[in-house]
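Each of the two complexes below includes chain A, the first together with chain B, the second together with chain C.
And now, the complex of A and B:
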């Protein structure tokens, strides 16, 4: 059997609080973009993919004590993994389950909230350690009683795609039998203001790959997959397989992507090679497609370099969820697995005109299509480019 | 599976890299230890240097030195462990944002605030388009990078891997660590760290990078055998965990010559180390390093540097010793580290 089996998944984002709701939103083109209501920001005019549950509402749904010290990313992560667990064959995760989580900013929501409190308010000091990403991962692990191999990857917007890749490698090498992989990132003032200072946030709903695209919308989400070795499957439903992965660095600029999309080109090439597939085997691509001028052009150029005149069907789902940063790779891995399972292509929202430079047009409406092989791209600051290939379980 | 040799090493810390040759270590009287300044200009473009935070400077400097020593131009993979990432730029952007109440902000510090800035800047400087990964899991950030090094080495086309750990301090954020008892309340001298009976430790900044390869060279330092990450464990379970780890590597406690322990003078959590010092490693040469270079999330990379040096030079400077036992021909060295009773790491190295 080719590739590593995915035997479970769980998700929460602006378009749904579980797999089913998420799927329906994708199918019926229902986006989750709104103005910030939960995030206490001044920028109420910047559209975001916000999950309309406050931290206290999330805590209540998770039956947590009032004095807990979970970050928002931890609350979202737990919420998503609870769904994964409920749909798995386990009452609780076995002791030897590994956990690799991706996040770009971890618990910095707590730092920005309590920065001025720490000095005089000892009660808030429990959040001092929360700033660092490993803390959020540990809190999630603690909730589920995971004690073993636990780590966090932080490579900006490719974090959770890298977590999936590392998890697959851990199983391939026999170091783990079972691993929960994915990522969680919440909206913060830090990231919203950061992206705003870079002038790459759109004041409208983002338009990935459109000629008139003018920036991205930030989002928040958590998405996790269970990867298991063949010996653990025992008749469980296999949702799909991670059969290829590739990671490369653009080595061009700290935040901008190169004009020739070199990093993306390398990542996709490596993923195809790993999966032992040719370009014509790819049925559908979940593109990174953030909606910024720079990313979408660079990615389009990379796609043309790889696929030539025969670029497969592709779409960016950022128009649904916003760009969920470190969680995006896992969120879109789940969308990819849904596409394979259901035989459906989810649309690239808000697209009207091909960009002049490449003339590439994404899938703009919901379509049924038999999909055996999906490519999913995740690129990030620091030149980090990761591509994953998912295949139907044969 | 191929073997993994350590062919180049470099560290920046509150102590000189010549500590094996120098008689007297540097003494600090405050509980935050900054890394010693280096001749960064000698190998980093001065235009670039001006914009770099300490973590990026230290990381890039050590990377280039380690690669130079191993005679590697461009590695196939760059793996970085950093528990707290680029805190100085994060702090700068955070305070600007909070003080201006989300006003007009310069993006520079935001751009440089992401945890993968060090890895990205190394790639940019080396023009290295290969695999690039950043781990940020508290005190096992470097161990995570080492684990990934083993995974990447399984690919037969991998010739060279650059792996390292780096963490910096910053004014406010490091200051917060004083408020939640991570840093000792009373100022102590670093050399008195192990006499301290209070909570907390001394916090520092450091970087150490290594050039790893499946090919042994005449100048190689040691062989990196294995690494293990344990997020949470009771003290009572530690012995059997270590025994299993050694067994998996076809060795046992009796074959270990020296053990490097991450004791940091925190009375709340040092009993993890004491358990081993008075138990399974009682008759072994025991070493400490945090009384010299302090504590930070990536400081186990300094222990890896120390083990590499010891195994190559076949000597253990007195200043590192926690007990009076000698070890004339160190062959196998185990590193054990944890922080605040969580994120335990085991690393095994062997002489050539």
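And now, the complex of A and C:
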């Protein structure tokens, strides 16, 4: 056995409302970065990866009753999992299916919208409990009638990568036969102002790994994968396998990455060890590459420490989607599986000059390439670093 | 492989009291604000870690709990951290959100994630080990058992430090314990429940 089978996936982000549209955007270099139209912020000059569907439009597409209490993250999550279900072998998910969802924002969007209504408008009070990050997970589970292990992981920008890791671990240990893993996060004023206060948002489209990079763009998305134990596969199409995973703490700073990229280095090393692979087996890397000075340098140093002077092809897709925080790990897991399935490397947008410190250059144009093994990195605030390895099903 | 696991030590911080392995080891006046209570523990324990004063209260609870649990010494640097709570970082979220009306505070924003506490603990003890942070409505012993057992089963670790560190409306509920392959009480849901709420026996 070479890892846990992925038998389904679904996604919504600023570059597409399903797998197919997402793939075409990646292939043709079509980014989803725009100025905020749906998020009611005064920062109209900060580019974001916004999904151009309002909550009421999403509700309509999902045929939800008008008085529902879903957060935006729940709406996006349901939207993505509906696609997963449609493409799966199931009409309905078996009841014992587990559900592990990552989020960093939970239902803060609803608190922002309705906080001042709570006092005088009892109808809005249903959103008070929606602030709880677990509420979004429970609402998604309830929608699909999921009754297995249901849990929420909150480890900042590695949340959904950790959900994938945990799902794989639960299947390996025999605790679950089938589990939906991934994450969902929406844009909020809370995060836009917070990242802005840290002075790490770019006023232009982000330029991961470029020497002149000056910050990230926030984004929103939901992405989910179905993981299944061997006994459940029964001839189903296996889209790829999760064969390695590693998590480590950078133990350096609340929000900044260390100069030597120790956390990233450890996470990648652990993932390679778990997958029983050597550095030369990695064909392509989906980098975390947020476009901030700090992350991209730290990650580049870690890549050089791991791979020496033979750093594999790598690319950050944050220029397409923005940084979708807790959803990023799952979104990029899907991109990684698409790269393996289609034999394609998706470009790192907006790159022109290698950074002086490392001289590393990412893949800048769409390229065909046979890819058997992908590494995907997700690093979060709090020093939480996760690396996942995906392989072709053989 | 299903080896038996054991709980080594435990710490409970609740209602102005600190218990280690079920024994009351520290008590403060009940009308003390949480900040003062935490500072009192810090002083009483003669801790010397100036970063403490920069942390938000959730991180302070986690930091102090781990110091008390381990006597400030985690020998196995591969010890995994498996933490959870119910209220995420809500206290600091609220404080930060209030600054958004004027000038959003970066020093508060950096603490608006519950796993920053794991970062603080990792920095303090120079751990580069596996971390996870769950959100669940109530203390869920089954989740800790399942996740920790999977870590041991895969031979990823020989030590795990678990924590339930919740803080909401100035009410705190802290329960920390260590798991290893030998010694102490058996690690299962029943024992955890007993250690968590000994008064409900």
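Odds and ends about this structure:
To be clear about the criterion, the second predicted complex is superposed on the first by the 394 of 394 C-alpha atoms of A that agree within 3 Å, B and C clash if a C-alpha of one lies under 4 Å from a C-alpha of the other, contacts with A are read in each partner's own complex, and residues count from 1 in each chain.
Throughout what follows, contacts are C-beta pairs under 8 Å (C-beta built on N, C-alpha and C of every residue); 3 or more make two chains touch, one makes a residue touch a chain.
Quick caveat, the model's predicted, so the values are computed rather than measured.
After superposition on chain A, the partners chain B and chain C collide with one another. By the touch criterion stated above, A:141 is placed in contact with chain B alone, chain C being left untouched. Of the two partner chains placed by the overlay, only chain B lies in contact with A:116; chain C stays clear of it. By the touch criterion defined above, A:197 lies against chain B and chain C together after alignment on the C-alpha atoms of chain A.
In the superposition on chain A, A:125 makes contact with chain B only, not with chain C. When both complexes are overlaid on chain A, the residue A:108 reaches chain B and chain C alike. By the document's definition of touching, of the two partners only chain B reaches A:43; chain C does not. Touch criterion met: A:156 reaches chain B and chain C at once. Looking at the superposed arrangement, the partner reaching more residues of chain A, out of chain B and chain C, is B. In this superposition on chain A, the options for chain B are 22-30, 58-66 or 184-192, and chain C clashes with just 58-66.
104, 106, 108, 131-134, 149, 151-156, 162, 166, 169-170, 173, 175, 189-190, 193-194, 196-199, 247-255, 262-263, 266, 380-384 are the residues of chain A that lie in the contact sets of both chain B and chain C, per the superposition on chain A.
Every residue of chain A that touches chain B in the complex is listed here, in rising order: 41-43, 99, 104, 106, 108, 111-112, 115-116, 118-119, 122, 125-126, 128-129, 131-135, 137-138, 141-142, 146-156, 162, 166, 169-170, 173, 175, 189-190, 193-194, 196-199, 247-255, 262-263, 266, 380-384. Contact residues of chain A toward chain C in the complex are 104, 106, 108, 131-134, 149, 151-156, 162, 166, 169-170, 172-173, 175, 189-190, 193-199, 246-255, 262-263, 266, 270, 380-384. Within the complex formed with chain A, the chain B residues making contact are 78, 83-85, 90, 93-95, 97-98, 101-102, 104-107, 110-117, 119-121, 123-124, 126-138, 140-141, 144, 147-148, 150-151, 154, 172-173, 176-177, 179-180, 182, 228-233, 297, 342-343. Taken together, the chain C residues at the contact with chain A in this complex read 81, 86-88, 90, 93, 96-97, 100, 103-106, 109-120, 122-123, 125-137, 143, 146-147, 149-151, 153-154.
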